Structures are given as structure tokens and as C-alpha cells.
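So that you can tell them apart, the chains are marked A, B, C, D, E and F in the order they are listed, and the count of residues begins at 1 in each.
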Amino acid sequence: MRPDDQLRDVSIECGYLEFNPASVLYKSGRTIVLCTASLESSVPPWLVGKGKGWVTAEYNMLPGSTSPRKRRDRGGKVDGRTTEIQRLVGRSLRSVVDLESLGENMITVDCDVLQADGGTRTASITGGFIALALAVEQAVPGSKIGDGPLKDSVAAISVGVLGDTCKLDLDYELDSAADVDMNVIMTGSGRFVEIQGTGEEATFDDAQLAELLRLAKKGIADLTAEQIKALNAVLENK
Amino acid sequence: MRPDDQLRDVSIECGYLEFNPASVLYKSGRTIVLCTASLESSVPPWLVGKGKGWVTAEYNMLPGSTSPRKRRDRGGKVDGRTTEIQRLVGRSLRSVVDLESLGENMITVDCDVLQADGGTRTASITGGFIALALAVEQAVPGSKIGDGPLKDSVAAISVGVLGDTCKLDLDYELDSAADVDMNVIMTGSGRFVEIQGTGEEATFDDAQLAELLRLAKKGIADLTAEQIKALNAVLENK
Amino acid sequence: MRPDDQLRDVSIECGYLEFNPASVLYKSGRTIVLCTASLESSVPPWLVGKGKGWVTAEYNMLPGSTSPRKRRDRGGKVDGRTTEIQRLVGRSLRSVVDLESLGENMITVDCDVLQADGGTRTASITGGFIALALAVEQAVPGSKIGDGPLKDSVAAISVGVLGDTCKLDLDYELDSAADVDMNVIMTGSGRFVEIQGTGEEATFDDAQLAELLRLAKKGIADLTAEQIKALNAVLENK
Amino acid sequence: MRPDDQLRDVSIECGYLEFNPASVLYKSGRTIVLCTASLESSVPPWLVGKGKGWVTAEYNMLPGSTSPRKRRDRGGKVDGRTTEIQRLVGRSLRSVVDLESLGENMITVDCDVLQADGGTRTASITGGFIALALAVEQAVPGSKIGDGPLKDSVAAISVGVLGDTCKLDLDYELDSAADVDMNVIMTGSGRFVEIQGTGEEATFDDAQLAELLRLAKKGIADLTAEQIKALNAVLENK
Amino acid sequence: MRPDDQLRDVSIECGYLEFNPASVLYKSGRTIVLCTASLESSVPPWLVGKGKGWVTAEYNMLPGSTSPRKRRDRGGKVDGRTTEIQRLVGRSLRSVVDLESLGENMITVDCDVLQADGGTRTASITGGFIALALAVEQAVPGSKIGDGPLKDSVAAISVGVLGDTCKLDLDYELDSAADVDMNVIMTGSGRFVEIQGTGEEATFDDAQLAELLRLAKKGIADLTAEQIKALNAVLENK
Amino acid sequence: MRPDDQLRDVSIECGYLEFNPASVLYKSGRTIVLCTASLESSVPPWLVGKGKGWVTAEYNMLPGSTSPRKRRDRGGKVDGRTTEIQRLVGRSLRSVVDLESLGENMITVDCDVLQADGGTRTASITGGFIALALAVEQAVPGSKIGDGPLKDSVAAISVGVLGDTCKLDLDYELDSAADVDMNVIMTGSGRFVEIQGTGEEATFDDAQLAELLRLAKKGIADLTAEQIKALNAVLENK
């Protein structure tokens, strides 16, 4: 059994789609998300002429990603959970982008879940950042994290309370059993971007909050290392 | 100017609509939300025969609540922000309800914003709880908070970082200027229900997080006192 | 019991919302409608450059306005009754507006029903006219009814046949029992704007029609007096 | 030129579609409406087991019925005018049906406008009644108007004010020029079913109202005669 | 009984609607389709300034065209079969149009099925071509087929396999019994435009394919003769 | 350059998703489709109690599968092309299924295009069949093709005319240049299931048709061999 403070195995395959170098097949345990970043040299109407760019995200689970099969969002009503997740992914990615440096470019990061075993929203942020970084490299070649459109890196992880224990990186089974579930999004330099802690049928106290944050920081540090390693491998090969 | 750790003035008018005793006109400064709880003696299909009830919420801003006028959500697409807020309100209210004790009843809490000056989601939770408590009184007369369907009370408040300062209860002007915005939802007994901290273009560190949580706890305590006072005034008059 | 030719009590609160002087809380007995008029200095695409303005209206019942709760129109399908009513309100208001004098301005009058006890459409017209007049005052300060964008005032009332009796101003209970229901919309100077008489399961003859029109004229005269009194109170205070 | 109190030429072709005897091609001048009544031996869910039937109507203009071409209502939003008209047609037809005598049957009357030259809603009611009567004959063979599910006949006509003149049966050209437009729906026995008089940019007085009603009664009497003649021709041939 | 290689009776009435000369009432046996072509002197946005025109088609079955009644496509979801057919009709018509010669004009061909007895999509193409040709005459007067915007004529017919027999022109009864159903669209000069052969629960072999194509060619030749005859009758009368 | 009668390289990975053995990653050259078949032990309402099953398919292109990015179908309007393709895939798969032998089970085959380089609809059928066969193995273990719910195998390929040449298996570049495009769907035993030949701006003659069919038969034979090889590899390992 995985220790309470250890991540699931992470696998990152950059350039998964031959037609788009900014495509990443991101795996966290059995969760698989295909993250593709598409660069357009135009911005939404409300940004035209302002000399800055935009970053947005879309999230979707393929019907075959779960059992039983998940219905497609085709009736004109994107379900509330999907909307909420893709807004979160977009906000998180924008938190590390200097939109002025990006110029009048727009990057859309699509996170399509091929297989879902818990943690798809945090995988979408962590994997989505890598796709974003690869697309930024297309827009502003040679820029580095901290020196160019990317002010920092960003990653996300879930933590939770199960009975008396706090645990890092909940898969589907742990997530279903958790009393409290918290998603923490942080930059590579260790600052908070977003904290979302929820206990639908439970509540939590100060001590539990402190422990959850401690685990999350450890997880984020490990994920940041994986992101940098994957990006360096690609960029050095150029 | 309001001190950094002081709430806006709160006004609570129970039974605002003659036809529904579980209707509350809740004002926090210039923000006005009409919260009405409707009780039905049936449950959604997926709960039938399980011997428990359900609580859900809907949130909406009237077109005249903002300037310029806000368009109605009528095109079949409820906007992402609305969906996100009403899911939050519903989750928060359910966190203090013992659905088994409620019996096969469903309570829908509608939060319609008549005037918006920041903090409409937290007002919806704080005011919505009062409407919920009044509807629970209809379903299970004589029950008390902590002894009946309501396990506890719940209230919500926003806190934020503006430059170097942390502030309690952001109105629209403060909210627009804030670098970091956090909504904290807590029970009357002081446990966390939900924490949502976001810095779209900024990030925050451990010290700021600690100060934000301290302010939030103070605000929640003050709101809880207002809720109890308003509810007691109604229930004693019965 | 209210005499057959007497209106319910009317209450008119102008400037109900602090952020919008053209907001009116209109009560007719237990029916409560919040009417807000929003002024924009632009017109719909098909009017651009024609040197005239536009007035339109939207009507909506809040979920808590009725018991049982009314579902929101969010599925992309505004129900037929709502569509019909808001078209009627818009047409009625435009009948007294000189769109050329309004200039290239657009006024949207929102009529949101907070509590429904019959007569919500006529209340929307009568209260909506007051909100409209207050918004016209913003667009063309100092203009008077009959001398400026407003050619006249407009008000509306329902009349009906119950068994052998014709009655003025049907509340929900009367409306449900009525065989014939007629809405009459007239100007302050006593001309007809619109007559809509319907007997879904009944029909009516010439004598009944004459009596219904007599009652309606009396009601309109009384409402016109209330409108003028409320508007004068606001405008004199400026 | 047609006299002020004379109808356009009416042509009624019963059994226009070989597959459905209750199909009527109704022409009023150049306005052409195909009315088909479909009988089903079931009722809407809310009427099941109540021992009574239902009658409803749908109205639609074909794209080629006007110039320029009218777009189809396919975007999930039936336009307000269409909704309003089909509700009116349904109400008018139901006003002469004894739903108990109809048994648990449902009749849907479709009014599809092939060519539009004004008066399509009144043509839909007048022609729709004939289709309805033919479908009632299928449901309850041998029943007569006044003795069976049909309590009476119903017909509709428009009248209007053009400058100083009141005119019967407005075609498109007259309708466009009219200051006031009124649709009158009456039974064959001369009672009012519905009156809808509107002056979007104009208003009207008592004398004009009286003249409009006089013209309408004459028109309805003429249309009733045409309806009876057409129905008798079909029913005698059986 | 109709021989295996004989068409149903065809009837073509050009100028069926007084307001639009490019309107055709096309009958093939008991199938009746009203085809109207509407000419606009503008093109879709993606063609503006390219010096060429566009031709598109819409297909619809009226509710009364079948028994039981067919529901209208109003829920915002055009059903798959309708979409497929109207795309086919549009493609088929465009295959014989020289869009450059058409100039910046757009022609929309509406095919509304008044009565459906099988073969409505092929009737829409065959009848739609006639309406198209009449609209082209409005856009480019005096042009001839083969010399102007129309490079050729186009017609369509169905063929099918029933047990051991191949048959031309399937009506509803034959179509329901057919194991294989094929629609063939050809030009007047005998070239293939489109072949769509389908056997949902059956399959077919080379010999059957050859016989189906032989029958289709015969049918197309007969339909082409009817089209030319009808068009000549109109154009000679000008 | 690939010879005119040679397929692109095919790669088939069965069991691509750990949670669903009936998942296939199908590659034809650079086109990549993820086909997952989901088995449910219930049938659509219209089949309940008939003792037979159902097979249906859905098709979708991920936004990142093309450049520029393809928008998601979320506005409540699935585009015409998508609808047409998924109906084709469903029909083609059902043509080889004995729905009675399947029992009251439903199989949904999802074809999600990860990368699109032409031929996505034929790849969906060819890969979708493999996923279907794996799901049938779950429903009726041990059944074989030709002896159980699967009467035969099915595969699909495109052929086209480019100038004077007929070519097998069009990738995006060839497809864009083709004058005529034909999709041929055949069973493993060599019978036609569906033929769809289209020349939007061109037409074709008998000789071209014959050559296209010859190429298609060769391609189908090669694909059938690949399908059988992949399925045997999985089934022998059980």
C-alpha cells in the first residue's frame, strides 16, 4: 500500500500527437489525461488591441473513461462539475502567465480524460501546464520559466481526510471514502494559487487543515520536479 | 471607513413574503438577497424509498441587480459562475443537515440577488441557512439546531488580500481591488465546511493564509450570532 | 369583501434599489413586482443610425413567488406564457413613448415578480411605466408626460366575469373562478392601448363586454392617479 | 377595391391529403394555410384517467411563405410570435369542444402556412376548426355541432383602423398600414371567445371600438356560413 | 401492380405559390413535396468578396405528412435523418451549379414534405432542381442548362432489393419491405453525382449492385425528361 | 510514395484502457481513434421485453485532433457531419450483429478521434468493430464470429478519384485533392454493407466506379486480416 504522503506514479509523454508538439499524455496512476495546447495568433473580442494575450482551458471526460459509461455533454447543457473544473484549470494556468509578454496570442489548453481514477482535475492542471509551456515555446521561442511569458510553474494535487488519517493524492477509491477533500494548487516556488477544501457531509478543524497543507506542499514539490524534468528533456532536444 | 476586521451592517427580515414563512430578505451592506426555502413532500427519483430527504439551492442575479444590467440566463446556458455558486450554496447547506432526520422531504433554497455589491455568494449561504431553518421548522416542528434535522448552523464570509493588508467582508469595490479572494464557510460551532481561496493574477503565502483564516473566524462568529437572534425572534413568536 | 368595482390596495416604492433610481417595488394587494428600468446609450443593431430609441421589457416570476415553487426558465425554453406577457408589457410601454424624442437610447424594463397573487402582468405594466418614466427622466432630464419622450401615461387592469357578476381587479382566487378574463390597457387620457379578453371554457356576450369595459375604465383612472402621485413625489424631491 | 366590410375570397378544400381525411387547404385571398388534425387515442400525462380528451394546436410558417425567406425555428427557440399564435389557436378551438364528450382522445391541429399575405392566425383558427370537426367525426362518428364533442363552431377575423376608416379582414398591405389591429374570435352562435385589440404605436377610442366589433361580427357570420357549407359537403358524401 | 422498372406517376406544378415563381409542387405517386427556391443577393460570410455564389437546401416533413403525426423539430435538436437528407440535397444541387457564374447570389432551396409515401429525399432533389433552375433564371435571365450557372440537370431515384427482386422507385410499403435500399443521384447527361446504398440488416453482392444501377439509370433518364418538359413549359411562356 | 492500391500502416492496440478490456487504440497512418465499447445489461425503452439487444455508436473529434483546433460540440447542436458519421458507424456495426443472440444487452461504441489525418469515419468502423467484438465476448463468452451474436466481421475504407487516378485509403492531403470520394463498407466475407460515393463538385462514370470498387475490395480484405489477427491475439491469451 502506498504511504500516506506519497504520490501515485507519474508518467509524462510530451509530443504525443505528431501534429501538435504541445500535446502531453499525462498519467497519474491509472488516471490518463490527454492535454493539448492550441496556439492562435488572435485574441477574444474583448482583448483585441490591448497588447496582451489570453489562456483558457476546457475539460472533458470521454464516455469510455468511466464504468458505467459517462454520457456526452451534447444536449446543450455542460454539467456543473465540468464547468467548475475547466474554470479552475484556466484560472490556475493563467496565474503563472504574464499575459502582456504573451503578445496578442491565445492558447487553449484542452484536457480530455481518457481514463478516470480520481484526481482528474489536478492531473489536468499539472499536465496542462506542461502543454502550456510547450505552446509558449512556440509563441515566444527560447523563453524560460521566470523569464518570459511564464512567471513560474504551477501544479495541483488533492489531499483528504479519511477517518483519522490525512492522505496525499486520492485515487477514486480513496476519494470515495474521504470525509474531506481538498485540492491545492501551488507554484513551483511554493506560493498558493488556489485552495479548495470541501467536506460535503463532514467538517474539519484547524489541526487537520494544517496537516493537509503540509502533505500538499510535499506533493507539489515532487510534481514540480517531474514537470521540469519532462520539459527539459523536450527543450534540450530542440 | 470600516475597520479591516469588521463586517458590513447585516439586516435580516424573516417571513418577507406573506405566502411563505420560510422567506428571508437578507441585506449585507448594499447587497440584498431574497432567500426562499420551498418544502416539498417528495424527493428526487434517485432518493425515493431511501427514507432520507434532500436539500438543494439555486442562485440567480436579477437583471436590475447590477449596472450595467445583467442579461438573464435564458439561452439554455446557465453561466459557469452561476452554476459554481449554486453548487457551493447547496453543498454548504447540506453540510449541517441530517438528511435522515428530514424524512422524505425536499427543500429547495432559492437565492435571488436583488442588488449586488459584492459577497452575494456568502450572503446566499448565510441568509439561505435562515430560510432553510424556517423550512425545517415546517417539516419537523419544534426541532432545534443540534437536535433534529439541523446538526449545526452554517455561515459564510469573504476575506481578501489588498496590497499588504488582509480584510474581512469584501464589498464590490474592495473585491475588485483584491489580489487574493477567499470564501470561508464554517459551522456555528467553529468547524470548517469549505475554504475556497483564489488569486487569479496573484498568489499568497503561509503568513497571509493564517491572517485570512483568523479574520474569517471572527466574521463567522458575528454572523452566527445574527442568525440565531433572527431565528429566535421568529420561533418565539409562534 | 372588496366591492366589485374597487381596486386592491396599491403601494408604490420608487428608488427601491440604491444603485438604480429607476427601480420600483410595486404592490397590488399581495402581488409584489420589482420593476427596474435600465438605460443604455446604444440601440439594437436594426435601429443604429436611425436617430431613435427603443423600449423593451422582460417578465419573470421568481421560484419562490408561488406555492408550489415555480421552476426557473433555464432549459433554453422560456415558457409560452412568459413570452406572451413580456411582449405585451413591451408593446404597452412603447405605445406611450415617442421613440424619436428618446434619442439613440435603449431602456429595458425588467419586471420580476417576488410574490404572485393574480394580476402580475397588469402590475408589470402599471409599475413598469413608473420605472420607465424614472429612466426617461435620466435620459432626458426635466421632460414631462405629454412633453418629451413620454406622450402619455399607461396602466393596465384585469376585469372578469364570475357567474353573473363582472368584477374589477382579479386576485388569484377570483381569477381561478372567473369564466371570462380580460386585460385592459389604457392611457392616462382614456384611450385604449390593448384589449385582451379570453374565455377558455366560456364565452361572453355584448352586454357583458360593455360592463367589463366600464369597470376597466374606472380602475385605470384610479391607477393613473396613483402613478402620477408617486412620480410627482420623486420628481419634486430632486 | 374590396369594400371596407367585405371578406377576401375564401376557398376550402377538405381531405387535401389522401392519407388524412381531416386535412384542409384553407385559402383566404392569397393566404394559404394547410390545416391537418391528427387524432390519437391517448391523452397528455396530466389528463390520464380523467375521462376527458384534449385539443391542442401548432402553428408554423414555411420558409417559402414569405419574401424574403423566413428562417426555420430550429435553434431550440420558437419565436415569441409563433408561441403566442399557437396558444391562441389552441384556446380558441378548445372553447367550442366539450372535452368530456371527446373521451380520452387527443387531437393536434397543425396549421402550416404555405403562403402568407396577412391574417394567417385567423385563417388558422377558421380553417383549423374545419380540420378539427373532421377529426371529431373520426373519433365520435355521426356527432353534430351542438350535439356531441363540438358545442358550437368557431371562426376568427381581423379588423383594423387605417387613418379614419375601419376595415374588415386585413391583408398584408392593409395590416402594415393599420394603426390599430384587432383579432376577434367568435362562435357560430355569435358569442365572443376572444378579443385581442392592439395599437402598438397608436391608440383607439370607444367609437372606433364599436365600429370594429360591428365589422367583425359581420365577417364571422360570413365565415361561419362557409365552414358549415364545406363540412356539410364532406359529411353528406360519406 | 407497377412493373419493377417503372416510376410512380410524376406531377410537377411550377409557380405553385403566387409570390414566388421558383416554387414547385412536386408529386411522385402519393408523396408530395413543396420545393421553393429563395434568391438573396448576398452570400454567407465565408464567401464574401470571392465573386461566387452559394446554393444550400433545407428539408422538413410537416407534422401532418405522416400517420401517426410526426413531431416538429423544435427542441433545438434537428434529428439526424433530417440533417443527413438536407446535406445530401444541398450537395446534389451544387454538383450541377457553376458557383462562379452565379455571381454573389445565394439560393436556398426549401423542401417541405406535405405528404410522405416513401422517396421524399429523392423527390426533394428532383423537384428541388426545378425550383433551383427557376431561381437561377431570376438571377441570370436567359441562361440555359449547360450555358450559364447550371452546368447540367440533376435528378435522384431510389432502387432496392426485395427478396430476389430488384425494384425501381420504392414507395413506403416497398421501402419497409426492402432488404437493401439505394439512392442514386445522376446528372441529365448520365454521370454519377452520388450513390448511397445501405443494407441495415442485410448485405448485397456484385450482381445485385449491377442490376440496381441499371434500374436507377433508367429511372433517372425518365425523370430528366419530366424536368425538362416542366421547365420548358414555364420558360416558353415568359 | 505509397502505391495506389496500398493501405496506410495499421496499428491495433486492444485493451488500451486498463478499466475496459473492450477498448482499442486504432491507428491508420497518422489517424488515431480510441474506440471503446461499453456493455450495459439493459436496452432502450422501445426494445424492452423484445428479447433482443441493441448496438449504437457515437463519434467525436477531440479539439486537439486537428490544427487549427476544432471547437467542441457543446452548444446543444451536434454538427451535421458528426451526426451523419455516427449514424453510419452504428448502422455498419449492426449489419453484422444478430441482435436476438445478443440478448437484452446494449453496446455503445464510442469512437473518439485523438488525431485526424483523413479516414476517421472508416477507421471508426474498422476499429469500432474490434471493440464491439471484445464487448460481445464479455456478453456472450466464447462466441465466435459466425457462431454467436456476430454473424460476420465488418471493415471500411475510402477510395477516391484524383485527376485520372483512382486511389485506395485517402489521407487528409489526398482527400482534399480528390474529385470523388467513396466510402465502402464490407463484411469479412466480401458482401457490401454500404457504399457512399460523392463528388461534390465533380461527377464520375461507370469505368471509374468499377475501378473504385475493385480497390475497395482489396483494402477491405487486408483490413479484415488485421482485425482477425488482433482479436485472436487477445482471445488466445484469455
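Details
Criterion: contacts are C-beta pairs under 8 Å (C-beta built on N, C-alpha and C of every residue); 3 or more make two chains touch, one makes a residue touch a chain.
Note that this is a predicted model, so its numbers are computed, not measured.
Superposition on CA atoms relates subunit D and subunit F by a rotation of 120 degrees, given as a multiple of 5.
Relative to subunit B, the chain whose mean Cα position lies farthest away is E. Each chain gets a centre from the mean of its Cα atoms; for subunit C and subunit E, those two points are 51 Å apart. The centroid of the Cα atoms in subunit A and the matching centroid in subunit D are 60 Å apart.
Inter-chain spacing, taken between the CA centroids of subunit D and subunit E, is 33 Å.
Subunit A and subunit B have Cα centroids separated by 29 Å.
Each of residues 75-77 in subunit E touches at least two other chains.
Note for the complex: subunit E touches subunit D at residues 17-20, 23, 30, 32, 34, 36, 38, 40, 58, 60, 62-69, 72-78, 108, 110, 112, 114-115, 117.
The touching residues of subunit C, when paired with subunit D in their complex, are 76-77, 80-81, 83-84, 86-87, 91, 94-95, 152, 182, 187, 190-205, 209, 213.
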